[in-house]
Amino acid sequence: MIVVMAPEASEEQIQEVQSRLTHMGLDVHRSAGRERTVLGVSLDPGEADRDHIRRLPGVRDVVRTAVPFPLASRDFRPETTLVRARDAVIGGTRLALLAGPCAVESEAQTTRLAELVAAAGAGFLRGGAFKPRTSPYSFQGLGEEGLRILRRAADRCALAVVTEVMDTSHLALVERYADMLQVGSRNMHNYALLREVGKSRKPVLLKRGMAATIEEWLLAAEYVLAQGNHQVALCERGVRTFETYTRNTLDLSSVPVVQSLSHLPVIVDPSHATGRRDLVAAMARAAVAAGADGLMIEVHPQPEAALSDGMQSLYPAQFESLVRDCRAVARAVGRDL
Amino acid sequence: MIVVMAPEASEEQIQEVQSRLTHMGLDVHRSAGRERTVLGVSLDPGEADRDHIRRLPGVRDVVRTAVPFPLASRDFRPETTLVRARDAVIGGTRLALLAGPCAVESEAQTTRLAELVAAAGAGFLRGGAFKPRTSPYSFQGLGEEGLRILRRAADRCALAVVTEVMDTSHLALVERYADMLQVGSRNMHNYALLREVGKSRKPVLLKRGMAATIEEWLLAAEYVLAQGNHQVALCERGVRTFETYTRNTLDLSSVPVVQSLSHLPVIVDPSHATGRRDLVAAMARAAVAAGADGLMIEVHPQPEAALSDGMQSLYPAQFESLVRDCRAVARAVGRDL
Amino acid sequence: MIVVMAPEASEEQIQEVQSRLTHMGLDVHRSAGRERTVLGVSLDPGEADRDHIRRLPGVRDVVRTAVPFPLASRDFRPETTLVRARDAVIGGTRLALLAGPCAVESEAQTTRLAELVAAAGAGFLRGGAFKPRTSPYSFQGLGEEGLRILRRAADRCALAVVTEVMDTSHLALVERYADMLQVGSRNMHNYALLREVGKSRKPVLLKRGMAATIEEWLLAAEYVLAQGNHQVALCERGVRTFETYTRNTLDLSSVPVVQSLSHLPVIVDPSHATGRRDLVAAMARAAVAAGADGLMIEVHPQPEAALSDGMQSLYPAQFESLVRDCRAVARAVGRDL
Amino acid sequence: MIVVMAPEASEEQIQEVQSRLTHMGLDVHRSAGRERTVLGVSLDPGEADRDHIRRLPGVRDVVRTAVPFPLASRDFRPETTLVRARDAVIGGTRLALLAGPCAVESEAQTTRLAELVAAAGAGFLRGGAFKPRTSPYSFQGLGEEGLRILRRAADRCALAVVTEVMDTSHLALVERYADMLQVGSRNMHNYALLREVGKSRKPVLLKRGMAATIEEWLLAAEYVLAQGNHQVALCERGVRTFETYTRNTLDLSSVPVVQSLSHLPVIVDPSHATGRRDLVAAMARAAVAAGADGLMIEVHPQPEAALSDGMQSLYPAQFESLVRDCRAVARAVGRDL
């Protein structure tokens, strides 16, 4: 349920409404938009209580949300949320670009990529220090050393660091180095982790689960929002189907669906979605044309030698050309990159 | 297997190679490209016979195809095939536009839509006269009367008619009215029908099966090609997944995959893929950016009153705006519409 | 909608009701059960007309079906339909056993298998004469010669022949030799074919489409029933998922689901579902325990030399042991085999 | 890689081989079977080193595993592992029965169910204290109070407690009360959690991820085994498909597949798989016939009033009848319950 305050409502009136709702045993989330304040309430207290609230001074309207994720819904906030990490923004007219290696491997590799990525106009350096790997015998990431390398490389190029946090017990460590916390596809249903990043002050990048419906994905975002962290961006990365030529099936229709249901910005990761270098550029262009708020791209100085996911990492020259092409598409749809 | 003749090979040499292959019991398909003639052979006769052929006069090379669809493979024909119906072309720099109602309902409706569609620059009028419906109690189409209406409306606007043929027993009838034969998603595995349209002189539009892999789709095309009809265009229309918000999950990665594996042009149908009017435009733009060779779009004068699939049909004004937006994207990726 | 006549209703009364319904423009299907006659009406004529019918003499009740397949629904016929082909029955307490080679290859092979199959207690000899193959270059079946072989082998052992019809143009030919017409998984959505077998006097075995929902499968059966052929048995054969170890994912929950929604008997084909010989026996036992009305099993004298699907065909000794084991399970659940 | 020692190998020889492998930087897991000792080595050190090891005294053979999960593979341990929790066993001839409410709701409810479950012959009381819920606004479980209730109810009836641990930070708490640690479907890819339960001395019940392949599931088990905890049982609970009638599609073929690839026992949860009470019994019988090593069943005194998943919980009388029917099937396939 959402309580929409009148534009002229006083601070006192707003607080009175909040206090009544709290008395009813409801969690209240206050959000000050440009023109009006709205109060998101996690549960619906029923017809009688809604009527009661509607008649309080300063209340313009009480809206039942048609969707089970009130805080993530467009009803709660009509404008797209701007998610900020350092100087970078996701959700604005200019598309966000998050790029870097799949896994951090060395200082030299990461520094080189940070320069490349910054030169191409990216605001974020991505890279895994803790890697979720299907096999316990695969390279699991450099851990804290990887975080340190990412931080230094990003600082040199004024980039924001986005990196994955895989477990509540690593959160404090990752927060120390990262500007944005990534929750990976395999952890989209890890509710303990979602609650903890919801208590963090760092923005969150929430990837879609490999077989998650769009509604479940937005409910996972709701777990984060409900803890008070409203800086959440979503990332589409493909879903699992019977097709074997691509690693996953990139579901670009999720971009306009999310944008109609929710105020959270949504970016696309064509690298993990396809799992094949030769498909990344076409899918990146398509994502931009579909209206995505940004792109997450894997690039590697020598993909064939990568310790993880080399098959899908672009060569530096391919990455530069992808950015140029996506910029042209972005302009054709009234955005920029 | 593919036999590539030298550019300077004489007609006599080519015929001699053909005749040897036929003697080996192999089906041979001759294709004259701009620079050279190639012979597609459906089965691989083994190392010894390949060597024998390779040494014949006029033969430049004998290539084993890595894929199980020799005639559909890029190896067989490096340039994208141009599929022509009347004055319209699929596969060129300019994107093809196929538009019209889901089902033909009346002369007035169809005429009005043909004019709209032609004005927007489309070369094809689409519309179902025989409709494959999940329920035997749903509207099944006007049959021959629908074909007649389509023909008249298209002729008035110089459009090519593309319409579905659902069964071998209807083929002769549909051929009489249509310029291009559509094989629908539910018939992609109907091999008897594929063989019959393969014997037709009309070009074929082959939709991807609702749960078909890309390889199976290209093998279905191979059924048509193997009968001698080389005028085949493919149409991506989404695959079935667990997602319930959209009717299907549009798999745009199939566009670059098909284009790397095959010389057949590939278009996209965002109307059936999404099943929701409000998603069609974004997915059409994405399809163009992904490199699709054309778009198939449903439009209806009064979608809310349509006898079939009204939920996904665009209002005329939405269609015009979609075409404008897609044209901008097409130009950004070096094509036109 | 279903009109349930009173047990004491006279023939005259029944005909009067039929004639009123026909006057309303509705298709009526009469079904005489053991205790009462019911009239299935394909469409619902609305509240007023239902009330009118309800008040006619001899009418006990008018029931709206909750499902979109009135003729296939349990409401229409509370007892499971017995589908008969020659002396064999599907739907009784005793489970039906349909066995034989994937494709008919030779007279000798088929005769040997027919004897084996009959000795094991099967009532049906299965075998493909027209084979739906993903590749146009795979063995497509012996055609009419295969039908002739099947017929002779079955006759010698007093078995019923069940074999696939792939196209309306082959139907008359297949009807001449077969006792039961199989509509394969790839043709479950081939509505032209469903309508034609619905006009046949031969019973039909309808396989579930490879990505069909249970509702779509029952609607496909409704296409057959609506043409007047009420002798339809269903066959679960697995659906397509992301799992790659098995060819399909056998959905045994479809057995109790179908049995609660419909009066049509349902059998299970573990051979095509798994695609692996070593899994067939376990899945056959599971199917029996789930309540399946029969099993369809592929067996081959020398599976490793089979022209089609050898990987999933059982050796004769494995088949005999499967039947013994399934018989024990059948008895444990109150059936027999 | 697996090093198989000769039956007559001395303890000294075994330790010498272990020490050589450790020197090579490999993790070694020793397993003493009834007849021989085998050493599982997580990574393959290459041909030269394998030869070296093969020639050491007491070594009978060095086997490369065809599968990427050496410790979980049947090659590593030919007999099925017996997983023990208190007096209950999973993996023996007698099937294990794990039953109880979806979520623990009260002491009275749980006590009553424990008595019911024990009377039916179950060895395990299941019940959620921490519940993974799609929505943050759904009932999340009673937490530690729920664990305390479970413990007391189980102790009164001499049952083992199996309950879910959702996060590494809760592990110590759950270990204090539970006899077996359940890792739920949504956490199957939570590698941090898998590693931590791998360090626990409590046995682990690992559910299959909702869209996990069988190989990924066994690799998740490998994460646990590789930390030294060899007491792992697997639980099939359905996978996600396009079918909407059932909540998931129960993949019973995973039972014989797991049993051929791995020595870990595998049980089946038909309650979560189907999500519908009326399908649970049929799927339980099918699971037993497929060879499952046990069943996990939800039962509730008043399902319609359950705080979580009431739709799929059995009434007490249904549960008792299910057990009787499954016992008959178990005996028909040479097991007991």
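Going by the order they are written in, the chains are A, B, C and D; count residues from 1 in each one.
Following the convention adopted for this analysis, contacts are C-beta pairs under 8 Å (C-beta built on N, C-alpha and C of every residue); 3 or more make two chains touch, one makes a residue touch a chain.
Keep in mind that what you see is a predicted model, and the values were worked out from it rather than measured.
The set of chains in contact with chain B as well as chain D comprises A, C. Two copies of one sequence, chain A and chain B, touch each other mainly through matching residues, since over half of the numbers at the interface are common to both. If each chain is reduced to the centroid of its CA atoms, chain B and chain C end up 34 Å from each other. For the pair chain A and chain C, the distance between C-alpha centroids works out to 49 Å.
Shared contact sites, meaning residues of chain B that touch two or more other chains, fall at 211, 240-242, 244. Note for the complex: chain A touches chain B at residues 211, 213-215, 239, 241-246, 249-253, 255-257, 260, 273-274, 278-279, 282-283, 285-291, 325, 328-329, 331-333. Of all residues in chain D, only 42-43, 68-69, 132-137, 166-170, 186-187, 189-193, 195, 210-211, 216, 219, 222-223, 226, 240 touch chain A in the complex they form. Per the touch definition, chain B reaches chain D in the complex via residues 211, 240-242, 244.
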